[in-house]
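The following pair of complexes shares a single chain, chain A, combined with chain B in the former and chain C in the latter.
So, the complex of A and B:
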């Protein structure tokens, strides 16, 4: 499955295979190839969804993945997914694909959206010109899928060859589009009406900030009763299990249930955050936000493609770092990768909710939003420093704005669930393991916490953080949080620390800042190493630790004035 | 255009009330960020009035409706009142225009 970014390849893969792959109304969702299996009339087909590309002319990693696949793997057939809203632009790639001489089917996707905008395409004529079958579909609404399956069974056809220079191909695409596309005048479509306001020079940014605020209110305030309910449930379970005699019950109650439960009780916050983010992505608003801030980002040596990766970082830094593959400029790519861990991922949210609820109960949403904004500001300043020193150079970026869409509830649910599931899986693996480790080092040797390994480790490192005034328990939580940021909360819970009695609100804010900025988790470091090498991974760890230390020291100092 | 004037004045009043509430002069519990959102809605209505374009009113009522739904949910979840709830009166207009 080959096509431009954001033409609905993954939606089509889901429609053909009944799969659960995450989609987005956002260019660059697929950066690695995905495979799905479908049985059509008793025959087994393996569909490979390749990263979206505009042509084979540039040098980005996703184009290399697609080109290498077509040349080395020699697929039986190419499904060329084309955006019916913008046929001419999509045809550049179609014409270049004809040179591979692989049987092909052209899929005119998003045909329902095109028709709404008064665009009609003569599929028969296009089929005759290209020499391949052409099928009209709407993957999101699952229209035209049966016809596509029938054509797949027939095996497609090797297209006519349209080789030539880029200029010649552009001209041919223009001529073909003129022949097959008819545009009727329709009333002003919703895109025009909303874009006029959402992209307004003066109102665009305030509207964007308002929407971001709504996201944090939804994540923090609306989810609150559910979080409290789950928290009470896990507290009860932990106390009940630990009330039995024996080390096993102590480990299960005070270690496993207290640790894992303390993290799992934040599932409502995480799910609500992902639900809102998915809504913004699927509705088509997110690329507008990217477009709005592109000019601003260029002042920091980044571009719109970097913004996509940075916004994805609000969910999880690992896929966000993989998303930098679509950035053509190597230096921009490295800079984006290095600053990505400063974007506050969902794993840090339980820490904020815990501390904000305890120290800033009246202004929890404001505190959380300010942490997210501080993360963005630090990321931008870091990018500027990197682009002016180690990674000097210019950058530019082109992006197509997708149509606004009322999100399909199934896709909205799928997107939210896939992301939330990742959080739950981590609770059952890394956090479970770390909770047991923390329980062990807090209970042995000697059975008293003051003589435990945890106390030894925490007290040994505490002097490093003494300027901030954090207790050794909180320092230990930071160390265990290196495995995964949620473990900070699990550790505090297993250690049974009464946080409110060991720190002041300004120390708590400095602590939240530190957890926002300090070393990325192990999985993120592994992703950085895999993408840009060991040297940069070491740099990312040292740089972020230094930034976190300095910023929290400043926050502690400033807090003392009040 | 009459509607644009009505909405501009209405949301301006809500912004002022929310501001007073956030400064604990009246009712209490308001938030400066809620003031910002209501202020943005007011500014959007006002721009629509100045440039005489419906699109600004459509977008403003869409934001106000979404915000009011969110504030109702927040009220149900936490008991915190915001004047943003009263933005719900813009919902019928937003739905009609979007349809």
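So, the complex of A and C:
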């Protein structure tokens, strides 16, 4: 399945396979691959949804993935999904696809929307011109799917060849569209009204901020009962297992279950956050937000496109950094990548939830929101500094506004699940390993924490943080948190520290600030290195550590006045 | 005939694309999305940085830097 972005490819995949599809990645790259299976008249078909692209000319990663798939995997048939609302522009890709000489079916999707707008398309004529079957569908309403299945059984046809330069393709598409499309102008009322409201000079930004606020309430308050339930379940398990004699039970109970469990119990928070982010992406709101905030972002040397990556950073910095690939401008892209770790990822949420719940029980939401805001402010100021110094230059971008859509529940669920699963897998591997290491260094050689290796390490490094007055246990948690920020909570839990007795609320706030800002986790550093090189990765680590140290020192100092 | 960069048009003002004044990379990117000489475009909104451009019923957000490279004929009223 090949087509432009926003033509309803996923809805069509859903309609063809009856919802039997999964989401993964193409080998070696982080471009999403959706694949589904359908049985039509006893024959098994595998459908692969290739990334949405506009042409084969700009050499973007999505285009490369699509081209490689068509050449190397030699699919039996190409379903070229075309947006009937805008046939002419969609034909650029169709005409370029004819070069591959693969049997093809052209699918005129969203035909119901097109007809509502007074657009009629002569499918027979188009089929004659292109030399392939042309089928009209509305994937969302499941119209035309049976006819499409009949054509799929027939195997499609190799199209006539329309090769040429992009300029020639554009002219050919114009001529074809003139012959087969008739338009009686009718206005898109609902789209226009929604656009007017969401991108209004006065209403747009308040709406954007309310949506962001809803996201925080949703992930923190709504998920809380689930989080508490899971937390007490793991507590009970850990205590029960550790009550047996022997080092193995001690390791399993106090190390593995307590450590991994304390992180896994935050899965409801993280799943709710991903659910909300996926909803924003799939509904079509995100690009409107891009336009809305571009003026603001460009003051800090970024552009509207950076906002998607930065917002995704609230989920996890790793995919967020990979999402900077959609930023065409090299320097903006590097700046967006470097400041991304200041966007507070979901792994840091457990830390805030723990400390805010303990020290600020009355206004936990406000404290957590303020941490997120401080992260954003520091990210923007850093971006401005970078763009004024190391990364000077003007920025360029273009993006299409997709139609508003009520997201397909299946797709929404899959996206949320894939992202949450990634988090669970991390908890299952990195955090499992770290929990065992932490358990070991806290129990050996002496048998008690006070005489353990961990105590030695924490105490050795504690002087660095003595201006903030953090105990060595807290320092140790920061060190282990380098592997993954979730481990900070796991370490505190394994160490069995009564946090409330070793620090004051303002120290706790400074500590939360430090965990927000200090060096990115190993996975994020790896992503930065992969995307923009080792030198920038080293820069990111030292820069963020410096910022974290200075800011939390200031916070400690300011806190003392109260 | 009044030739202007797309970025200089007011909200609501329309024009016809005359040329794309940039390198191969940005020309191809704009053309692949249908911003081709001869097309009618209209500014549907602007907010400091990017412009919102409406073309054949589709809307695009175009960054200021790129919008400066699209030359349009704004007609008499420009």
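Methods note: the second predicted complex is superposed on the first by the 374 of 562 C-alpha atoms of A that agree within 3 Å, B and C clash if a C-alpha of one lies under 4 Å from a C-alpha of the other, contacts with A are read in each partner's own complex, and residues count from 1 in each chain.
Everything below uses one rule, namely that a residue touches a chain if its C-beta (ideal position, glycine included) is under 8 Å from a C-beta of that chain, and two chains touch if they have at least 3 such contacts.
Only a predicted model underlies this, so the values are computations on that prediction, with no experimental measurement involved.
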Applying the document's definition of touch, where does A:303 land relative to chain B and chain C: first, second, both, or neither? second
Where does A:425 make contact in the superposed view: on chain B (first), on chain C (second), on both, or on neither? neither
After the superposition on A, what does A:179 contact: first (chain B), second (chain C), both or neither? neither
Contact-wise, after the overlay, does A:295 reach chain B, chain C, both or neither (first, second, both, neither)? second
Quick one: name whichever of chain B and chain C touches more residues of chain A. C
When the two structures are overlaid on chain A, which partner does A:89 contact: first (chain B), second (chain C), both, or neither? second
Which residues, counting only chain A, touch chain B once they are in their complex? 190, 192-194, 196-198, 200, 202-203, 206-207, 209-211, 213-214, 217-218, 221-225, 363, 365-366, 369
Okay, in this complex, where on chain A does chain C touch? 54-55, 57-58, 85-86, 88-89, 92, 117, 166-167, 170, 188, 195, 199, 201, 204, 287, 290-292, 294-299, 303-305, 328-329, 394-401
What does chain B use to touch chain A in their complex? 31-34, 36-37, 39-41, 43-44, 47, 53-56, 58-60, 62-63, 66-67, 70, 73-74, 77-78, 80, 98
Would you mind writing out the residues of chain C in touch with chain A in their complex? 25-26, 28-36, 44-45, 47-50, 52, 56-66, 69
